[in-house]
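Heads up, the next two complexes both have chain A, just with different partners, chain B and then chain C.
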Partner chain A sequence: MSNLEKYTKIFTESFEVDAEKAKTLKYQDVEAWDSIGHMDLIASLEDEFDIMMEADDIIDFNSFEKGIEIMTKYGIDMNA
Partner chain B sequence: MSIMEKPRVVDKLHKYRRNLRKNGGKVGRTPRQVAIDYNNACNFRCEFCYEVGEAKYNTQSLSFEDITRICDEADALGVWEIILQGGELLINVENTKKIIAACGPERFKMVLITNGYFLSEEVAKELAAEGLDGVGISVSSLDEEEHDRSRKVAGAHKRALEAFDHAKNAGLDVWAQVLFGHHNAHSKELYEFLDYLKERDIATNFFMAMPYGVWKDNYMDAEDLKKFKEIRKNYKCLHDLWDEFDRNKEAIWGCWAVNRIFVTPMGDVLPCPFINIKIGNIKEQSLKEIIDYGFSIKYFGEYSNICLAAQNRSFRDKYLSGSTSMFTPEPAAAVFAAEDFIIKEKQEEEHE
Partner chain C sequence: MIDMSEILQLSPYGLPKEEKQKLFTERLCGLTTYHKEHCAAYGNVLDGLQIDVDKVQTYEELPFLPVQLFKTHALKSVDDEEVFKTMTSSGTTGQAVSKIYLDRKTSANQQKVLVKIVSEFTGKSRLPMLIIDSPSVVKDRKMFSARGAGILGFSIFASDRQYVLNDDMQLDLEAVQKFLQKHNGEKILLFGFTFMIWQHFYKELLKNPNCIDLRNAILIHGGGWKKLANEAVSPEEFRERLKSVCGLSDIHDYYGMVEQTGSIYMQCECGHLHTSIFSDVIMRRMKDFSVCDIGEKGVIQVLSLIPESYPGHSILTEDEGVLLGEDDCPCGRKGKYFEVLGRIKNAEVRGCSDTYGQ
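Presenting the complex of A and B:
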């Protein structure tokens, strides 16, 4: 499974949406992506990719797209 | 204000969440919350209140300096949530705003517990502007007559329900503080109220009826607990024992005694609002010393999958048969014997 597939899977499982919907998702678009759901999403991504995010990045992580940009900052190659 | 607009809170919550995951989803010994009882003056005279008959203590208050110092120390320990409660703090709105400011609200998720009587939309907006994030409103059913009767205030129920809208319109998180126990686990009124809240997208925070005073012997049985599990699955709700991050709504992170300490108007620190045992005083010791001491008592330092105060009969019989008032708590040293403490080496080993 590619990193992008792993990343997408965490979104689909966290917020109970399909992959297509996940790719357009923004913070608070669905009930599950509230502040608590957000912290759980971050924890799942950190576990999966073995990283630890800074508070500023956690706050900036406000969409699926933006998240990819932030993951790249932590050395995660989404094309791998 | 959302906690996502408070970077310091996000940072602490992030670390707290990681600690929990490292600890297998159990609360462990990571401090989470400080509940500050500024004073106990109240406009209601609830027949079930654990402090009913203690009005002589209503002039006792923490100072703003005390509150700031508690919050400075709590922040340094990683605490990310401050609960403000009384009494009823909104009998003096201006004072409540000063209390919020004294906490340094940019550092914490700030929550107010209220009966809702004075929570107009204007007041809710003023509190939100001051840095308040959420409001828990104490109401447990749609039975207006019973609500007003038991609180001895006409119009209490109507104003509590209106307060939900006022808080929402001010952009605050809002939930109902609902009492759950053997007395109402199967009552039609409870489920009608939960449906009412669900229709309005209002969450519920359950607290358990403590089996003393008016709820003496109100221990939940297996059927009650089965109902409680069903409620968790079917409604948007929180309860101290439940892991609020678990999307499957099944995980139990355990009893929070000492993880969420309670500071009385005298400065005494209790392991939780329902355990009247003093583990220290903020005017005499640092918060760290008090919390470390609290966790050295095995009942608080070790994992419990049930609420010690509401569900653990042997704990209650053995240790909570003394004072039921937060104003005269028994010192832990007088309540617990030497064998009730975790020896230091073992504590350090377990904490690694």
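Presenting the complex of A and C:
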């Protein structure tokens, strides 16, 4: 599975949306992505990619799009 | 008006008095004008007071809203569609609660300011976190109590999380020991509300002292002292007793309120509550609201640079306090340092940990 597929899968499973919907998802768009869902999402991503994000990046992580940018910052190649 | 993103670049305790005064006068005058234009109710208050913001020399002259007003009026400076979260203050049944309307920007800035302030005490990296509360406090995801909101706000500092109490408010010692074992050698962050810590953590540990070792932990707690004052427990005793049962010595109280989430006042190593560059306090005399001298008891006015979605940048609380000094605390942090004495007489009784009925 590519990194982007792993990343997308975490969204689809965390928030019970399909991959198409996940790609345009923003924080608070669906009920499941509330502040608790957000911390769970971060924990899943950190586990999957074995990274530890800074608090500021957790706050800035407000959409699927923005998240890809942040993952790249932590050395995760989202094209691989 | 200077934007929050610029202010967030500054060191939280780095500005001397004159520079902070300049920053506060500029940003708070800007916010006052902004809210006057965007919140009709606030504009009416200002018109009634006949205040000309352009003539204000220093932010001490700016008007302040009594905190009570947020309970009786829906004060917001954004359209309903922009409101993305509504925070409510704690309040036991029958009491009115404050309603605070947040848009995405104000909410994110609250979190960012909290991170800047608390990192000064915990360090940059996120830590394994023990939450001295029960998971049921955040179970209703639509409607958080002030306690739940506090826990969620601080969860951003957690690299791993464990609730210390179960749903029946019983200490889950086994889970705590397991968590500490898993993070052996790491610094641990503990967070909770003062009364909960005393009632459900300290009192349980007292039955079995030193069953856990928290010498390498930092505790941050808030919510007020009223309930503990009823049990005749002073802040000093709270600290000493906690240390005696689990070795915990790095303990920081904080003062904050839902009406100004994020810009909290942390207690330093010398036991003083501190203003950061994101917030300020002014003690005022009850009789005429003039500014108190250092060491003189007064009503606490709180100012925050954050609120854009609601006119809550300058609020008169129902608490009494004393300013102890400015820029010269032995801990080395710049800014005012002060003590909170409790509620003014006849004010409505309220406080995060006080909402927990027994």
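Here is the rule we go by: the second predicted complex is superposed on the first by the 80 of 80 C-alpha atoms of A that agree within 3 Å, B and C clash if a C-alpha of one lies under 4 Å from a C-alpha of the other, contacts with A are read in each partner's own complex, and residues count from 1 in each chain.
Operating definition for what follows: a contact is a pair of C-beta atoms (placed from the backbone, for glycine too) under 8 Å apart; a residue touches a chain by one contact, two chains touch by 3 or more.
Every value quoted in this text rests on a predicted model; they were computed, and no experiment measured them.
After overlaying the two complexes on the shared chain, residue contacts for A:D47 are found with chain B alone; chain C is out of touch. When the two complexes are overlaid on their common chain A, residue A:I36 makes contact with chain B and with chain C alike.
Looking at the shared chain after the overlay, A:S14 reaches chain B, while chain C stays out of its contact range. Of the two partner chains placed around the shared chain by superposition, neither chain B nor chain C is touched by A:I70. Of the two partner chains placed around the shared chain by superposition, neither chain B nor chain C is touched by A:A22. Contact with both chain B and chain C is seen for A:I59 once the two complexes are overlaid on the shared chain.
27, 35-36, 39, 52-53, 55-56, 58-59 are the residues of chain A that lie in the contact sets of both chain B and chain C, per the superposition on chain A.
The part of chain A that touches chain B in the complex is made up of residues 14, 27, 32, 35-40, 42-43, 46-47, 52-53, 55-56, 58-59. Chain B contributes residues 2-5, 7-8, 10-11, 13-14, 17-18, 21, 244-245, 247 to its touches with chain A in the complex. Put simply, chain C touches chain A in their complex at residues 84-85, 104, 108, 111-112, 115, 119, 124-126, 138, 141, 152, 155-159, 161.
Within the complex formed with chain C, the residues of chain A that make contact are 27-28, 31, 34-36, 39, 52-56, 58-60, 62.
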